[in-house]
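Take a look at the structures below.
Next come two complexes, and both contain chain A; in the first it sits with chain B, in the second with chain C.
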Partner chain A sequence: MTETEIPEKQEKRSLRFRVVDILLILMMVLPLVTAVALRVLLTPPEEGVAIHGAWVYWCANPDADLSQVISTDFMITEAQVNSWLVMISITGLALFLTHGLRERATTVRQHVAEWVVEKVEGLVTSSMGAFHVRPFAPFVCAIIALSVFSSLMSLLGVFTPTSDMSVVSGWAILVFLVITAYKACCGPRLYVKTFTSDGPVVAVLNVIGEVATPVSMAFRHYGNVMSGAVIGVLVTTFLTWLSSLLLGWLPGVLGEIPLLRVGLPAVLSVYFDLFSGALQAYIFAMLTMIYVGGGFPLEEYVKRHSGRKARQGETARAA
Partner chain B sequence: MELALAIVFGCCALGAGIAMIAGIGPGIGEGNAVAKACEAIGRQPEARGEVTSTMIMGCAIAETTGLYALVIAILLIFVAPGVMGNLIKDLVK
Partner chain C sequence: MPQIQPLGVISINVWSALISLANLVLLYFLLKRFLFKPVHKVLEARQAHVDSVYAEAEEARAEAEGDRTAWEEKMQGVRAEAEGIVNRANERARLNSDAMLDEAKRRAAGIVQQALEEAQLTRKQAEASMRREMADVSTELAGKLLGREINENDHRQFIDSFIEELGETR
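So, the complex of A and B:
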């Protein structure tokens, strides 16, 4: 019975299904194209070595002095725009993978989607315990996806959002809020007690350590990605100089081509862009899970929660 | 004014270099961690996955001090010269 029905259904909605599919693929690809186009159109051409932060695309006050470290002007930089575009692209990817889900997986994309979900749930279970899987698996998966795809943006030649301090700081502050919310879920008294339980001197250190959490998370991600980019540029520049020194005597155009530049920067890029980017995403997500899982007073929460449930049950029974 | 700017730029570069001395610590620490992880895997090959992921986390934590130094060095190289230069130009005016 099902064998005859399913193909008919597929036939019926195939046109609409395909149109939506194409729209979703466009939603995945267009933001990336937009990022490249914005990069080409809005930034001045670079000559020679260029290590710089994100370009400012738009600023509320056009006469602002952009060389200041802390500027109070509202501005939109390349890093922000790229991270928004990555978010749109990831949303498109997620919708595409989950489009046309069936109870029994038949398509490749459903297998991929199920694989991702199972892997992330396994990761959360192994590092936080089964209690947190439901609320936390989507959050962790979002962090990993955003971080990985942001780091991979450098393969398109555009500015990587994760090598901008402000983007990663935003993520770290968000994670810090989540950690604090989970620590304080059993009331403020218990939250304060986690700091002051070992005496006043240790309490100060505890507070400093708590504040250092988001700072170190942001620095870690930003520092790794940024240092990789800087090393890549430095090595490339050095190889260009070396090849002009060694091969400059070759006649004509041959002498101008930086032949030594072939190879090594690509290997470095595989390490710094692909491996390091994915590793930092994993580390960021793992640290999030460890901090939340470690700070969450599970026993107390379960005690109170079950108590409330029991009381609710009693009132229900009384009514 | 030129002398002042030269001193500022030179000291920024020196400071960045000195700050990166902190890279020694994470290097030794991560080396120790990886050595112990290799020993553990050699003793218990079946626990390879768990040991590796724990080692990566430990390395990430140990890296923190080095990354603080790195951020300071990056600030000193890319940000501080501009800020200090503006400051000195303002002072001279």
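So, the complex of A and C:
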């Protein structure tokens, strides 16, 4: 009987392990609590319908005009802070999932971690080819995770970083840089040739299309999430107004309760916060993979790479 | 502390965008280091373990196969040896039985020979003693018949010759 008990005892987590676990869970949860606390403590209570961008927690230039479209003043906005907090949460989640990995998977979290890694790698393989899996799987995972968890922050009632145009623009610029780097990996001549191969008129269109890629990606993501939030606010406000109009005659407190707000906003929230958030993250990641995979001259790269390798081998043999 | 204000709905801040870009790069490295690397490590360790288990199984199978062939060869040898032993034993038994038969025959012949010789000797003795008695009797008879004492020696000679004759005619 004692022989069967020994592995069970080994299976039991040590105190140290559990303490680390709790710390990691705190690392996941505390940033979200912090986001809510910052929102509650720093922003003034809102009256009526208010549709605006992120709150500016701190700005280097106190006299800056915050209503302009493009600003260059250094500032810390709610979107940025929430973005950092979400990153801490994601890192905590990653650490939690990979905490206590074993060759023989016995825990749910290990299965989840392996599932995530294999799913993302499968996604990258199917849309970009196996050549890009190693460097690109973490990048795609980072995009999806950051986008999804940022969008899901709307469930906490705080500002979602993805509905801030600066945030998604940053991602889109990074994606654009990656696309360009991959396109230009075989020298600038080949990179220019990808635009000019079909004549000068098409070349202009190609350049415009190239620049439009990050812009469209940023606007698509930002617009979808932002519009969801706007529609949510509008519908809720409308229902409150309708409720007071139809049920205002009820006596006492009953008339002040916006009963019609029960139901529809929740359904809309499921669509705009959960579904749309996940969908936009998926679209953003898919577009990244398609643009990079499509722009990368794989055959040329392999040809040059193998040629260089062969030359290196020859010189090595000569030496 | 001044009242904090919100941005416009459509607004881009250059610094915010750059920070966001850096955030994504940072998260890329964080996930690569803290999610993909450990999971890959575990997956590779598992793959290596599975490979080694397969190799071990293959090795054990080959070993068992080798054992089986060796055992079969040995069995074949043992069977041949056993056959040889039985054959040799049979041969020896046959030789033994032949020798024993010869011996028995030989001894039986000896016994018969001896018995014949003994019988002949006995007959000769019997003949001799009979002749003597007949001589005695005939001497006495002749003495009685003739009423006189004949020379016993002469007489004996006579009778002996007579018996000789008798034996020859018979």
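Some observations on this one:
Just so we're on the same page, the second predicted complex is superposed on the first by the 306 of 319 C-alpha atoms of A that agree within 3 Å, B and C clash if a C-alpha of one lies under 4 Å from a C-alpha of the other, contacts with A are read in each partner's own complex, and residues count from 1 in each chain.
To be clear about the criterion, contacts are C-beta pairs under 8 Å (C-beta built on N, C-alpha and C of every residue); 3 or more make two chains touch, one makes a residue touch a chain.
Keep in mind that what you see is a predicted model, and the values were worked out from it rather than measured.
After superposition on chain A, the partners chain B and chain C are seen to fit next to each other with no clash. After overlaying the two complexes on the shared chain, residue contacts for A:P138 are found with chain C alone; chain B is out of touch. By the touch criterion defined above, A:L279 reaches chain B but does not reach chain C.
Once the two structures are overlaid, the count of chain A residues touched is higher for C than for its counterpart among chain B and chain C. Of the two partner chains, neither chain B nor chain C is touched by A:T180. In the superposition on chain A, no contact is made by A:S244 with either chain B or chain C.
When both complexes are overlaid on chain A, the residue A:G53 reaches chain B and chain C alike.
Chain centres taken from Cα atoms put the angle at chain A, between chain B and chain C, at 130 degrees to the nearest 10.
In the superposition on chain A, contact of A:I290 is made with chain B only, not with chain C. After overlaying the two complexes on the shared chain, residue contacts for A:M226 are found with chain B and with chain C alike.
Of the two partner chains placed by the overlay, only chain C lies in contact with A:V117; chain B stays clear of it. By the touch criterion defined above, A:S216 lies against chain B but remains apart from chain C after alignment on the C-alpha atoms of chain A. Put simply, chain B and chain C get as close as 5 Å, counting only Cα atoms, in the superposed view. Shared contact residues on chain A (touching chain B in one structure, chain C in the other): 51-53, 67-69, 165, 226, 230.
Those residues of chain C whose C-beta lies close enough to touch chain A in the complex are 2-32, 34-36, 38-43, 45-46, 49.
Considering their complex, residues 42-44, 51-57, 62, 66-75, 77, 79-80, 83-84, 87, 90-91, 94-95, 97-98, 101-105, 110, 113-114, 116-117, 137-139, 141-143, 145-146, 161, 164-171, 173-174, 226, 230 of chain A touch chain C.
Contact residues of chain A toward chain B in the complex are 51-53, 67-69, 165, 216, 219-220, 222-224, 226-227, 230, 279, 282-283, 286-287, 290.
Contact residues of chain B toward chain A in the complex are 53, 56-57, 60, 63-64, 67-68, 70-71, 74, 78-79, 82-83, 86.
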